[in-house]
Amino acid sequence: MRYKLLTAALAATAALQFAGPATATDLEVTHWWTSGGEAAAVAELAKAFDATGNHWVDGAIAGSGGTARPIMISRITGGDPMGATQFNHGRQAEELVQAGLMRDLTDVATKGKWTEVVRPKSLLDSCTIGGKIYCVPVNIHSWQWLWLSNDAFQKAGVPVPKDWNEYVAAAPALEKAGIVPLAVGGQAWQSSGAFDVLLAAVGGTDTFLKVYKDKDAKFAAGPEVAKVFKAADDARKMAKNTNVQDWNQATNMVITGKAGGQIMGDWAQGEFQVAGKTAGKDYTCLPGLGLNEVIATGGDAFYFPVLKDADKSKAQEVLAETLLDPKTQVAFNLKKGSLPVRGDVDLNAANDCMKKGLAILAKGAVIPWTDQLLSQDSQKQKEDLFSEFFAKPEMTVEEAQKRFADIIATAD
Amino acid sequence: MAEIANPSVSIQNLSLNYGAVSVLQTLNLDIAEGEFIVLLGPSGCGKSTLLNCIAGLLDISKGRIFIKGKNVTWEEPKDRGIGMVFQSYALYPQMTVEKNLSFGLRVAGLPKDEIAKRIARAAEILQIEPLLQRKPSALSGGQRQRVAIGRALVRDVDVFLFDEPLSNLDAKLRSELRVEIKLLHRRLQNTMIYVTHDQIEAMTLADRIAVMKGGVIQQLDAPQTIYNRPVNRFVAGFLGSPAMNFIEGQLEAGDAAAFTADGVSIPLDRYEFDKDRGSAGKPCVFGIRPEHVAFGDAAKAMPFTAESAVEIVEPMGSDTLVWTKLGGRNFSFRVEAEKTLRTGDPIRIGFDPARASLFDTPSGNRL
Amino acid sequence: MSDQAVSLSAPSGAGHADASGPSGPKPRHIFSRRNIFLYGTLIVAALYYLLPLYVMIVTSLKGMPEIRLGNIFSPPLEITFEPWVKAWSTACTGLNCDGLSRGFWNSVRITVPSVILSIAIASVNGYALANWRFKGADTFFIILIVGAFIPYQVMIYPIVIILREIGLYGSLSGLVVVHSIFGMPILTLLFRNYFTSMPEELFRAARVDGAGFWGIYLRIMLPMSLPIFVVAVILQVTGIWNDFLFGVVYTRPDTYPMTVQLNNIVNSVQGVKEYNVNMAATILTGLVPLVIYFISGRLFVRGIAAGAVKG
Amino acid sequence: MSKSERPSRLFRNLNAKVASIPMILTALVVFVGGTAWTVLYSFTNSKLLPRLNFVGLDQYYRLWATPRWLISIENLLIYGVISLVFSLVIGFILAALLDQKIRFEDTFRTIFLYPFALSFIVTGLVWQWLLNPDFGIQGVIRKLGWTSFAFDPLYNSSIVIYGISIAALWQGTGLIMCLMLAGLRGIDEDIWKAARVDGIPMWKTYLFIIIPMMRPVFITTLVIIASGIVKVYDLVVAQTSGGPGIASEVPAKYVYDYMFFAQNLGQGFAASTMMLLSVMIVIVPWAYLEFGGRKRV
């Protein structure tokens, strides 16, 4: 142990002393990917970056974006920026860009012909502010998946459902077998996200857009959305016995057959993979809850704060290129369970579910996601509402819908 | 009050206020070189406050303080040429006696041999040589106070300030140390200002006593004067144990001035009035000390005699205090310890009004 | 006194009757109602306080299968130290798999200077407030006390700006300054109370002896303040060692204190939550303050009794 | 004479003033400055970065219309009352028991005090676990045969705040006990003797004589408990993350969440201003009475 510490200390000193040469530059990258599948995916990025002769200094901050983001923002505004940082692309980093704290990557993008390779185009659009490109999208994440445990349904003696409605119908059987029908983790973003998925799946693409893109409060209070709230009410009843907080614990309930299913993004797939489960055999995935097969083009992106150090700035460029390298894209996304942002990569290794996603993507059944449509502020209000709704059976559907419409009315 | 030509300590128009509360009021006090002054008064009278002002431990609101002719009003305590002894000894607990004594000298940066010389002298004077290497916690109360005095001694200063130095000691030690302080004063011939609420200390030690009340000096005089001719009722009552007897009444009209109260009439022809005797019927208080009251046969010779009965007998050892009634008031007097009196015994008492004090009732001032 | 009693009662012979009455020391019953109530209450309370520690220790010594099956209060069937090893040296956060070991030394590097600086500042403050009051001093003190009620979260942004302006952002010194700032209110209160409770005559004697502000502080007050310094050290070590918010916001990953790594390990759920590793990591993180408490608990109470609580 | 002018006010007591510079800077720059900054920006619509786009009281209107804020306030009140009352009562009772010249005092005291050495994060995690209905206390008791036993405060919206209080008391009462014990030790033995001779029952002595005499201890204790109450955050995050739903949200968490999760600094600042305001209303007059009096010069 002591030896290990000593070497670490030596290495640190060495790094300090020889940070000069352009060949090997340490670049600190902060992110909040710390779950099993996520960490494995980050390792791929680090490996690729280290292969360029630079060094990836990992700045993982556990506990989701909420813990990590203030740290990142504080450091950038505090004058101690990291080399690169993860953000959900979309509106989160807008202001940092406007304040001139983020690096313009247009040159790198032009060199790498990003506009041609990145698909769908909307991804790069969210990175573009004032005609300049400020971030590197690394994956496409879609929320609209229902993950079902084949074991659980077998145990309950009902066939694995093919869409949400069948699933709701099967819930009593699951319950009888001592299985929690639907796993929804206690964290607020999970219940909120589940509702958004229901809105897109049960309500349909138009409903979804009308509410979140057009922010039509009257519509949000109307009968179309009421239907969605009815579905959310079902979900709430099905989920009432989930006693976990983290999303991957909820996923784990599905993996182990303690829960029938979970509405969660495609990142859940990484967990199934780490657990050695096979899509189709052990579990089933239903994009768009089997009702409306669409995929949202949310996802993660890396931003590069403006740095004074020339070597580090150069290393940033290298990292930006590396992130979009086809090989890196494949390796990373396979581990992460998300879809690559390049259309020109070979994804034969992709599994069943991923292929479904790719097919939908190819069809162009793509919708923008709430990250792009709503400010974090409105998102948070929505999270508060749905977290309360899911936890409080006394809250009526009508009351929830009214409050939802209020949020939409003031949303930006 | 006699002007002192070259006062050692001179306080001029000193006032101290805490917000609206006035603690010391336009106070003047001149202390002669080598004089032993005692500030006497009940707690809260401002005597310790005055001492702390002289020491420079309190900032004053108005006025000036001179020590040895130098205006020290704004000087730091260390620069005033004073040494101070505190009631709680205030020895530094973590230092040995020697270090306690030398602390101030070390702070001042005196050479080592000079420090050693002074400590040796102080230790010799106070007979604390064997204690030098001890910590204060290993000393008795009397020893501690000696060390505290020693700490003032080594400073080699002109003015010593004592802040109730004996109050924390038991009666026996107190009287011992009292004598020692007196001897110390005789030997050193320094100016000493001594705060106490104990009248015995004041009477025995002082060249002059300043009796204080409410931030004002009531009377400043030699102990005997203060004892025998108190300027007001407060001073009269505060000094003397057992306390002076007071009888409330009024001045009698008529040619032979007399004091009457509740069936008693005391002739005042032998009384030395301070000022104008005032009008007849003036309400006033007659005071006589218990030791000035004669009893039995001796009473017959007195200008004033009265018959009464014994109420309570308090044997004090050296003498006995007897309580009776005079003019409707409790009245005490001293008799020799050998006299055996019992409650109810009829007695005759008498005194010479020349030794009494008469005070104006509304103002309390001496008549 | 007793002789008198004997001589009074002896002639009448009534003393014999008294012989059967109470005599000698009052008998004490170990199982008196008072004792049963007293120790009973204490033991019940002790159980409440010990239960979580017991569960933590027991769980940290179990393997995962046993945890999943068994009950949390049962002692481990098979004792394993693997969770401890893992927590200390191999648990992962993202790509870093060196457990808490790195954070331990970071915490030491953060805690030691922070404790020293914050106590130095607060003790001087307390001393100035108790013995050298100047106009306005009370106002500043009241601001400090009110400051003790400000949630730290509110201050994150202003502190970022202040640290940025003085060029300490992201450095260890910056964090030390932050800890000193937020430790100041309560510590200043403690020191002020302590110094106020010291005999004022001591302070006056030292002034007559010619010692100034620093002379009295260093040579008279400090040597007498051991008890309160013990209290301050204990409070600060605990507070700073356990700090999470400042540690995570004002440092970089390579200087993260142990608590941040604990959070990372505990929240980096990789598949199933490894409760045994979490518990081991939790105990390891709490070990330093715990040891300090176990060693100096007695001094702690004495220190508080020595004046910290006197108004 | 030697000095003809009174020395300037500013330079009197100069060393003390120099020594107090860190305190003065902290008080003025950090606490007053930071607070003023926060209040100023609470009137803006700052999102991710602070900007001076004033929107008047909009943030405050929104704040008081937000159910989560109202729940937070309510929770803080409940939590505050419970913490205050039970910390003082339990702390005092334990201290009084330990003060009975008992055996193993050191052991008991250490047992009561050790949780204070642990952070709120640790406390939250442990109690989250102990109160987990599946394998915590409820689960164990059910396994023992009492299957209807229900004790799941962390998963029951209506009592979750009490579940948090249990953990908070576990962590905090030890220190309070220590303070109280120290206070009790500072009471003159003669008081006890007098009460015993007068035949006053022990509980009455405590209630009417000892406790009033311990006023300074109670004040220090109150400052410590109350500042902890207002700031409660880590514990809630570690134990429930505000859940179930938003049933255990607290104001400090609202502030943090809106500043950093929702990236609505203006809203976060408005909430923190409300917190500060209520703290000030209570604390400032009291602090002036308590500490402002010139007890010494």
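Per-chain residue numbering starts at 1, and chain names A, B, C and D are given in the order in which the chains are listed.
Keep in mind that, in the parts below, a residue touches a chain if its C-beta (ideal position, glycine included) is under 8 Å from a C-beta of that chain, and two chains touch if they have at least 3 such contacts.
Which chain is which protein? Per UniProt: A = Probable sugar-binding periplasmic protein; B = Sn-glycerol-3-phosphate ABC transporter ATP-binding protein UgpC; C = Carbohydrate ABC transporter permease; D = Sugar ABC transporter permease.
Note that the structure is predicted; figures quoted are calculated from it, not measured.
Chains C-D form the pair joined by the most contacting C-beta pairs. Taking the CA centroid of chain B as reference, the farthest chain centroid is that of A. Averaged Cα coordinates give chain A a centre that lies 41 Å from the centre of chain C. As a whole-number value, the distance joining the C-alpha centres of chain A and chain D reads 37 Å.
For the pair chain B and chain C, the distance between mean C-alpha positions equals 52 Å.
Annotation for chain D: residues 256, 259, 294, 297 touch two or more other chains. Looking at chain A, one finds that residues 70, 77 touch two or more other chains. Listed in rising order, the residues of chain C touching chain A in the complex are 88-89, 92-96, 98, 101-102, 105, 156-157, 160-161, 163-164, 169-170, 248-250, 252-254, 263-273. Remark: chain D residues 9, 12-13, 15-17, 19-20, 22-24, 26-35, 37-38, 50, 90, 93-94, 97-98, 100, 102, 106, 108-123, 125-127, 129-130, 135-136, 139-140, 143, 170, 174, 178-179, 181-183, 185-186, 215-217, 219-221, 223-224, 226-227, 230-231, 233-234, 251-252, 255-256, 259, 265, 269, 272, 275-276, 279-280, 283-284, 287-288, 290-292, 294-297 touch chain C in the complex.
Those residues of chain C lying in contact with chain B across their complex are 199, 201-202, 204-211, 215, 219-220, 223-224. Every residue of chain D that touches chain A in the complex is listed here, in rising order: 47-49, 62, 66-68, 132-134, 155, 157, 240-247, 256-264, 267.
Across the interface of their complex, chain C is touched by residues 1, 4-5, 8, 12, 28, 30-31, 33-36, 39, 42-43, 46, 56-63, 67, 70-71, 74-75, 77-80, 82, 246, 248-249, 252, 271, 274-275 of chain A.
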